[in-house]
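We call the chains A, B and C, going by the order they appear; numbering starts again at 1 in every chain.
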């Protein structure tokens, strides 16, 4: 769907600087973009690359625009969001092709007669909807998904292939689960007794609120009792693990391979970098930002940045790392000082002796 | 199934302190529990919450019971195990609903004619049992599970959806694999030769002994030759990776996202916290406890606690962390001392000079 | 397929030291091997185990052979590669049994009429090949695999059960994906705007070049625009996550649970140990070797070894760890020195006083 820069600017809330009649029909990175593509400048340090780019237009901030000459620009208050709007305008969201009608192939799906499926759903062959499950309207459920007994899936959900939703778990509206996600497996609960780990039946469930998206192979334990909960609007990248009884707040961003242990709670707008681990039974405040690979072992206040293992305020973590780098030098200084003191002691002793 | 506190106490091996005629029918956390629920006190520091709890009864230790007034209690020697017994008594284990009979739907399963399936199994639609595979009695195998050629599954196993068991692998009795687990994929074995990594066929298998439970998306490599082995009674949380030829002892507890590299061996009753990594070809003794995120790079003796990267005895790891935190302060002290020594040196030099 | 040591030596490029008429028919580890087995010596420190081994023959280097008496040996320039060749000679590669013909069972597969499938493929029941997908020649695709719309799979690929290839993604020739792998799920791209994280449609794809093998449950994000790319000949172990727009070079080796964030690039022959994390938008040079658990936060030059969090040259990382271990001792030395200086100051002050 080609658009002129004028049309696109209007759509994404930007101003054209340059020729508004140029047409673009695709989004691309600065280095790959050609004359039909719109790109964007993510970071001022790459501003010189704009001049070399073949892009039909580049989305930039007003400040960055001042540094660029002779290039069609779309100037936006929030260039990253404007780029997002351009992707939506020019490419749209993924279209889920309808599978060919049932009469024309032999591959079945299994929908238990006691399950209910809302209007306008696309259920691919080889999905399994168990007894008592409820699927809302306009859902897309890909092959080899399993929706367990009495599970609830809201409206407008997208479940990619090989997703498992265990019995009694609940997904809100507009929840997207990428391939291989598992929701509601038993939590890691055992009581060790006479030398064996006796399983505690995990009789709670897992609840995902509205507008959640989980990357590939994310796993969310069901609670022992009550619910493991993921708050509205939160997004996970791939291979994230959430322990039983944990509660993730609203609008959290959890990058790949994060693990949050059982019963821990995060506030709203918490961000965790890749491979962060959070121990169990902790509280993390609203807006805390935790650097990749940090190991959280105590409660963290909101609104701050943290890093390190164990996690500490980011500035302190950074200072510690710098100090560690200087340790060998510091050891040498200490040795030199010891030598000087020994010499002083010897000198003073000899003086004391020679005096009458 | 409501029970009086008297009945429940008898069942779980506890004494009632309060009104034995009160009935409960569910387990719940202290804060969520209502008058029909039984809860438990996990940690003495929360003892004050018992007074505020609406729970019909709370399971506590004898020592904690002395601190609580005016609340129905079930006093047990091991409250966590007693709570586990209460969950079993009031909720029971997960019931696997029988799928509707084959004649009443079109969704098939595939069972190779040379495979054998023991009595009283529940095989859901869309399972695939390959040639020569043997399934024991009373197994439950959910949709989209694949049991490879000549694989063996013991009695009373539960395989949740999307589990893959590769050719020739062996599961003992009472093995539970949660959704997405993969048993017996090829180990990471390549011989680098003339610039390419030539695959070493992985002709061993993976063996899981009895009474094992693995969380969602755990993966266990097959051995190059011989067997990768998981010992009886061991339990993993989610997303755990076990390398080829590794041997995990009996009754180990491995928390989420642990990785154990090839050919390493653990003793019995080893515990690893979340995201622990163990390098290859190491031995870890019986009863070793390894803190979350530790990186094990050498053999570890049994019966001890370890932590850190590289992993060291826990006390030493803790002392190192404390020291790192004090480094900036220590640097300042060293600077101050250097200054004092310089002054002393100057003073002594001038004195020596002035003396005749 | 039994072979004499003479035959095997010729096949794997080794010399027999001992009796060339001995026959072997299997490969095994040193400790498990019996008289019909050939084994190999991986590390000189285990050379004494050769004498105790029941193996029919042991593959060793010429240098190690000098240390061993009275045992049949196969002396090879590269013993590990020779062992690999022996596994291939005696065991061969995995045979994929043909499923029983379609007419003899009810379990279907779904192949969209607009998809194309090359000659001599083995498509198991319960695979799903979507509209416009292209499968090359001689591929083996196990049950519950999903090949998305317009995806391309080259020749001689092996897809184990429960693999998902998203729409428009491309696999080269001889690509092996172990069970549970996910290729091309949406990257982690959101523009935060007015308090919510608005999804950026991920309109790129993921491309895996020739001769790639991925362990169980590896996940490769599709790019926002353009392609996420894995270079020819690279091999991953299990549970590896590759972010959107990343580019992994040729012949990389990534051990289990590695995560590479979006837009980062690695050169050729890069090796990463288990649980390594690489932050986004970084470049790692050819032949860099990164120790397990390292956290890469800046560009790394090629040809070097790195370790630590944040990652630094390996020697520096090692020296820092040693220094940290000595910190408590160093603190004591500083305290002792402070005391000595205080005494010197006092002594000097009193001397100055007493002198006339």
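Here are a few things to note about the model shown:
Throughout what follows, contacts are C-beta pairs under 8 Å (C-beta built on N, C-alpha and C of every residue); 3 or more make two chains touch, one makes a residue touch a chain.
Fair warning: this is a prediction, and the values are worked out from it, not measured in the lab.
Chain A and chain C carry the same sequence, and matching their CA atoms takes a turn of 120 degrees, rounded to a multiple of 5. Because chain B and chain C carry the same sequence, their contact can be compared by residue number, and under half of the numbers here are used by both.
Rounded to whole angstrom, the centroid-to-centroid distance between chain B and chain C, based on C-alpha atoms, equals 24 Å. Within chain C, residues 108, 126, 144, 162, 180, 217, 239, 257, 275, 309, 324, 327, 330, 334, 337, 341, 344, 348 each touch two or more of the remaining chains. Within the complex, the chain B residues that touch chain A are 26-29, 32, 78, 80-81, 83-84, 87-88, 91-94, 97, 99-100, 105-108, 124-126, 142-144, 160-162, 176, 178-180, 211, 213, 215-217, 233, 235, 237-239, 251, 253, 255-257, 273-275, 292-293, 309, 321, 324-325, 327-328, 330-331, 334, 337-338, 341, 344-345, 348, 352. By the touch rule above, chain B contacts chain C in their complex via residues 108-110, 112-113, 126, 128, 130-131, 144, 146, 149, 162, 164, 166-167, 180, 182, 185-186, 188-193, 195-201, 203, 217, 219, 221, 224-226, 239, 241, 243, 245, 257, 259, 261, 275, 277, 279, 295, 297, 309-310, 312, 316, 319-320, 323-324, 326-327, 330, 333-334, 337, 340-341, 344, 347-348, 351.
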